[in-house]
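Letters are used for the chains, namely A, B, C, D, E, F, G and H, taken in the order the chains are written, and counting of residues starts over at 1 for each.
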Amino acid sequence: QRQGFPEVIYCQGKEPHQVAEIFQSLVKHNDNVLATRASDKIFNKVRHLIPQARYNDLARTIIYQKEACKTPNSKYGKVALVSAGTSDLAVAEEAFETAQVMGAPVEKFYDVGVAGIHRLLNFYDQLTEASCVIVVAGMEGALASVVGGLVDVPVIACPTSIGYGANFNGLSSMLTMLNSCASGVSVVNIDNGFGAGYQAALISKLDTR
Amino acid sequence: QRQGFPEVIYCQGKEPHQVAEIFQSLVKHNDNVLATRASDKIFNKVRHLIPQARYNDLARTIIYQKEACKTPNSKYGKVALVSAGTSDLAVAEEAFETAQVMGAPVEKFYDVGVAGIHRLLNFYDQLTEASCVIVVAGMEGALASVVGGLVDVPVIACPTSIGYGANFNGLSSMLTMLNSCASGVSVVNIDNGFGAGYQAALISKLDTR
Amino acid sequence: QRQGFPEVIYCQGKEPHQVAEIFQSLVKHNDNVLATRASDKIFNKVRHLIPQARYNDLARTIIYQKEACKTPNSKYGKVALVSAGTSDLAVAEEAFETAQVMGAPVEKFYDVGVAGIHRLLNFYDQLTEASCVIVVAGMEGALASVVGGLVDVPVIACPTSIGYGANFNGLSSMLTMLNSCASGVSVVNIDNGFGAGYQAALISKLDTR
Amino acid sequence: QRQGFPEVIYCQGKEPHQVAEIFQSLVKHNDNVLATRASDKIFNKVRHLIPQARYNDLARTIIYQKEACKTPNSKYGKVALVSAGTSDLAVAEEAFETAQVMGAPVEKFYDVGVAGIHRLLNFYDQLTEASCVIVVAGMEGALASVVGGLVDVPVIACPTSIGYGANFNGLSSMLTMLNSCASGVSVVNIDNGFGAGYQAALISKLDTR
Amino acid sequence: QRQGFPEVIYCQGKEPHQVAEIFQSLVKHNDNVLATRASDKIFNKVRHLIPQARYNDLARTIIYQKEACKTPNSKYGKVALVSAGTSDLAVAEEAFETAQVMGAPVEKFYDVGVAGIHRLLNFYDQLTEASCVIVVAGMEGALASVVGGLVDVPVIACPTSIGYGANFNGLSSMLTMLNSCASGVSVVNIDNGFGAGYQAALISKLDTR
Amino acid sequence: QRQGFPEVIYCQGKEPHQVAEIFQSLVKHNDNVLATRASDKIFNKVRHLIPQARYNDLARTIIYQKEACKTPNSKYGKVALVSAGTSDLAVAEEAFETAQVMGAPVEKFYDVGVAGIHRLLNFYDQLTEASCVIVVAGMEGALASVVGGLVDVPVIACPTSIGYGANFNGLSSMLTMLNSCASGVSVVNIDNGFGAGYQAALISKLDTR
Amino acid sequence: QRQGFPEVIYCQGKEPHQVAEIFQSLVKHNDNVLATRASDKIFNKVRHLIPQARYNDLARTIIYQKEACKTPNSKYGKVALVSAGTSDLAVAEEAFETAQVMGAPVEKFYDVGVAGIHRLLNFYDQLTEASCVIVVAGMEGALASVVGGLVDVPVIACPTSIGYGANFNGLSSMLTMLNSCASGVSVVNIDNGFGAGYQAALISKLDTR
Amino acid sequence: QRQGFPEVIYCQGKEPHQVAEIFQSLVKHNDNVLATRASDKIFNKVRHLIPQARYNDLARTIIYQKEACKTPNSKYGKVALVSAGTSDLAVAEEAFETAQVMGAPVEKFYDVGVAGIHRLLNFYDQLTEASCVIVVAGMEGALASVVGGLVDVPVIACPTSIGYGANFNGLSSMLTMLNSCASGVSVVNIDNGFGAGYQAALISKLDTR
């Protein structure tokens, strides 16, 4: 029994009514419920049963939180969430919703690509204050190395499948991140915003200095 | 300037005398120096110049630590280091030396494969006390998922190139770990014990509860 | 002439009326007919001609069995069918229908993933009584190794294409299973529930102790 | 505790003296000990401690069997071992030694390639009498499909890394075998003669008709 | 200027009206015109302009032949066209139409898989009379090796993308054929029935014994 | 029994004395014997037993031919053998020796790369007179397409593993050749000079116009 | 701030209204705006706001240019744009629009495949006058090597995903181009006409001789 | 005949004496001769015949230049050569020697990795003055994107095979560079310092402003 953590439903390949039923039954015994990869069709079924459920249509997540859980845990360290291009937003938002439902305060730094390095450097001070940084990037995924070189806290790198041709649906960015020459970078699956957010929240939770 | 962290030399492709000179110059201005992928030929050159340097021939690391740095930082959380087979030991030891030179107290759980799950379950209590768990595994790399399912702290999974045939030099275990259905698992490069140890130590450092 | 075995139709790429005609002609001279990868469109055509045909819409199989063949052969050993996640059910059911149409008694253990190892261990006694175990798993496919380590009978591992990103449509789980460090595990093609069920039934047939 | 089964040592990456010590300690409490991937250097160390140990230099296996275990178990079904080319012999012999140390009677059909199909057909009667057939083949690995089409018992296919160019170290034969259009074929890792022999012996053990 | 050969239009990615116009202009100056990968939409546009054009909806080819070209050239050697499963027919028919429009007499041997080797052996005499054999096969593609071992004339092997999972859209059958241990086998691209038919016709044209 | 064709020994992985014995026994009952991938160590053993055997150290072939077989069969069509770079010579020579031992007259066009297209065009007239053209090329393997576009006879393309980096040991040139947009090109395995020579000789044999 | 260069919008994955708004805001402060991968739906939204915007439906680009920018910069060197087949036109046109919006004069040489080498050679004089040559080719991509061998200026090779089977969505042509044995060839991503046009224009801009 | 350009010998797979003879004969009729991938064994043979030849043992190049060619052509634009790690030096030096033998003035910026971005930014002014920038990087190859984002001239990216595990011998850095989200980056083969230097020199030659 994983106390305090959300129960999570992975909606891919499940019918809307199936998800709605699972969601409802989980709400009964849990403070937080998170559904990922949820279409709006699915959300429509869910909110019928659970009107308090909230949908993020970019992230494609449905979240139910007991009132008391709605504000981030002020004791946890901050998670910085850096993402490269407009097209990576869906994955970044999945990471955001996951980390915050787990109680972590998250600060977003979106549209910060390596091809315009100065924009990233402007955020240097804010990044170095975080307990943990999530980097979401597609195409060549180089952002993780640059961020990893700047900060001295764990970086969780999440490759996305954004790109074409020799990107091979995210393979390229994933390999880039795994080969990062910066220390303190570990990697989750392609498009796994959920996994990145979860890992970052676990880490931020430790940081109660 | 990364205060408190070791300076690191990656020896692959460097000549023994080159490494020795770099090592000596780093010792002058740093409390900790770590060299990875070091042959004993390299160590022989290094200890000539720095007699206090210590060699771990399994890990293939050379470490120099100022006296004051030699005991783990008691304020940091504990790192649990789980490894599967005898052949994964070299990578596990690289992770061990890296984490401890960074100040983290490390507890080892070696020879704990999934094909004999009961041995792993025996360590359940000790694992759940760690701030962070490193899992080093080759072959099919399934250990990361099992451990990830048992503990509620970040798991850093390090695939090794141990195996043959459809293992494709660690590709198989790396993919296994990236696809882990357990939450809270992130992955470093194949055989990158250094990276796993480094990330785990960064995390353990946050845990000063 | 394969006496006693079902005649099998692989429906992928065949027109509904083609399948229906082949089905009808096979029914004339065989005790058992099995069609796999059958859409419900195909089933509608088939049941028009063969009203006794039965459809499993999860497995996407159509089965015709002479009355006398409908109960499993009590002399055969039991097949245990273990599957990991909800999304693997379609493949697991294909394996189920195939094994049972060949006469094998099959016991199902569904929703038994490695990330919650205790649920699997609860079934330990039942698993060890089988002649043969089928393991159906997607994502990282680690379940085959854990089951292989628990039982002393042949394990037929069937990877599924469930997953995303670095799963590469089942490649990851397939490689995991081929690299299994547990002895007594052999593997069929990705999503080949038919092949797993067939092989398991052949094995269970030998076990007339 | 796996009663009756051999204890197995995988020698790859272990020092001769390490293997010898493990071997000696296992001999104390077991009826059968098998070491695979053993160089003759390793065997020389082992026989020093255990003079009764026997080396198969083609298979690169070392076997110790208590006197009573030396004859195959006459109650078990027969394993037929089919192999394609001269170069596949090492893997075939590893399968042979493994199956027989587990008690299975094994009959060999070597040098039976698909490019000369008549030689294979000559053995038709003998093959159909086996409980289980092992097929060891490199290059294009087509033999598994042809044998699978001939017999009605489980076929365990073992691809080898023999070949060059587009063989990609056994990938080609492995994929061929996984895609076999013959039913009743399951596959072990490339060059995994041990795994094939083990699985076949488990199956043959069931066949006590 | 390639006298006697058909002009060929590859329709993939071209608009129906574009194909129709190209077709019409080629008919003016050529004895034979062949369009491949043609949808029936395309054929409808073409036959509007060229009523004598003939469509093979399985092969997805459109052919126009001057009256005098309609019978195979009796001086050319015979092409034998062997194909494995029902699903490979589309590719086989593309090969058929291509070879015959080039003047080669073609004899078909369809539905001859390796899993039922005896059906193939029944055609032995007819196969050995051909100047050249085309083998079209998907799944594991083993048929090319078996046929190559039977006949002493050139075999043109055409892998198809039929299959699933570890077939990787024809990669598996292509690798099998390239690794064939039978001599006298060369390979064209996956699903390239056109290329196989063309090469076979070139060869058969030489055989005017 | 394949009358007239050479018996062939593939030496890779065989001991010198093994090859020598096989060679000697084949010489007794055959007019032609060909050994490929033969080191000079192997040749030394062979010529001890068969002094008439001839070694081509570039091709790494050993050939024995009865006196009467030593001149090419004047009835066969000519094989043109085109090769790209200096480094492809070993494979080209293997093709040469194979084709000529089978009786085909072979004309060589070496050192004809696509980066200097004019050299190739100079040979246009000679190429168009052949019955069949072999193209041996590494690096990007583009030569096969250019030659295929020039001639109207079958082209047998043989990729070599010459190159580095993104060549991936011949994969690049193999894919290039399989995708050739010129008609009448079929492909053998990487570095398979033997296969190319064999196929070309089979084709040239048909051309007795 | 990149003076003189166009601002570029990559439309893939953006909503029509989003693109239109970005486009409008860029027009305010820039002389040139280029949108790539734009559907006609997107263009309809854009031209509503910016009536002067021009659409190339083959290239799928939208371009806005201040009057003064509409003629190529006569000081720049000429870019020659060579493309192989009809199906590569979309990518070639993207390269064309990109290069010309950056000010480069571009001359097109379309439908120039290697399988008909003489057509290419006819353009020899014109090609050698360019400052830079773009080669766009799918299938086997051999054209880049042939052109690279003819000219003495930089060749920018752009592989396309045109092809099937062993083309693997452009992987084959990309590898061919990277392995080119002609000097002076560098490569952009598969289907990246934008990248090729951009790089060629940068180079042509240097050539103000 | 490529006037002014060096004649180039690719030594891989050639015997020392072969290289020496080719070198000598080229020196007779050329102003510049370059040999790449030359071992010191090869150099020893060459300098025996051509005492003026110069060896760069890091680059593994041998260069002969007529006196008049020894200074860079002051009319050409400058090439900036940026490289990431110590281990990439060999490839960078091959690029250096190639570019300068072709007449280009080259400025080196070595040891400038993305993990320490500030070092790179320090060189900003010098980089922006070049006509063309070469980026040599292994591991994750992210440097090309960062440099591409900083400068407005063509960047020639050369991936190296430096790295391990998921680097797959340079595949990772190559894919990174091909997917670069910075405009104006084109890529040569892995470890192809020669190709990068050649292309950069061709470009710099155009820049005679």
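Here is the rule we use: a residue touches a chain if its C-beta (ideal position, glycine included) is under 8 Å from a C-beta of that chain, and two chains touch if they have at least 3 such contacts.
Source: prediction; values computed, not measured.
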Common touching chains of chain F and chain B: D, H
Between chain H and chain A, distance of the C-alpha-averaged centres to the nearest whole Å: 41
Separation of mean Cα positions, chain F and chain E [Å, integer]: 26
Length of the line joining the C-alpha centres of chain C and chain E, rounded to whole Å: 36
Centre distance in Å when chain D and chain G are each reduced to the mean of their C-alpha atoms: 57
Residues within chain G bordering two or more other chains: 165-167, 171, 174, 178-179, 183, 189-190
Touching chain combinations (by label order): A-B, A-C, A-G, A-H, B-C, B-D, B-H, C-D, C-E, D-E, D-F, E-F, E-G, F-G, F-H, G-H
Residues of chain F that touch chain H when the two form their complex: 86-87, 162, 164-167
Chain C-touching residues of chain A, taken from the complex the two chains share: 12-14, 159, 161, 169-171, 174, 189-192
Contact set on chain F toward chain G in their complex: 84-85, 113-117, 121, 139-142, 145-146, 148-150, 163, 165-168, 171-173, 175-183
Interface residues, chain C side, partner chain D - complex: 2, 5, 8, 77, 131-132, 152-154, 156, 174, 178-179, 183-190, 194-196, 198-199, 202-203, 206-209
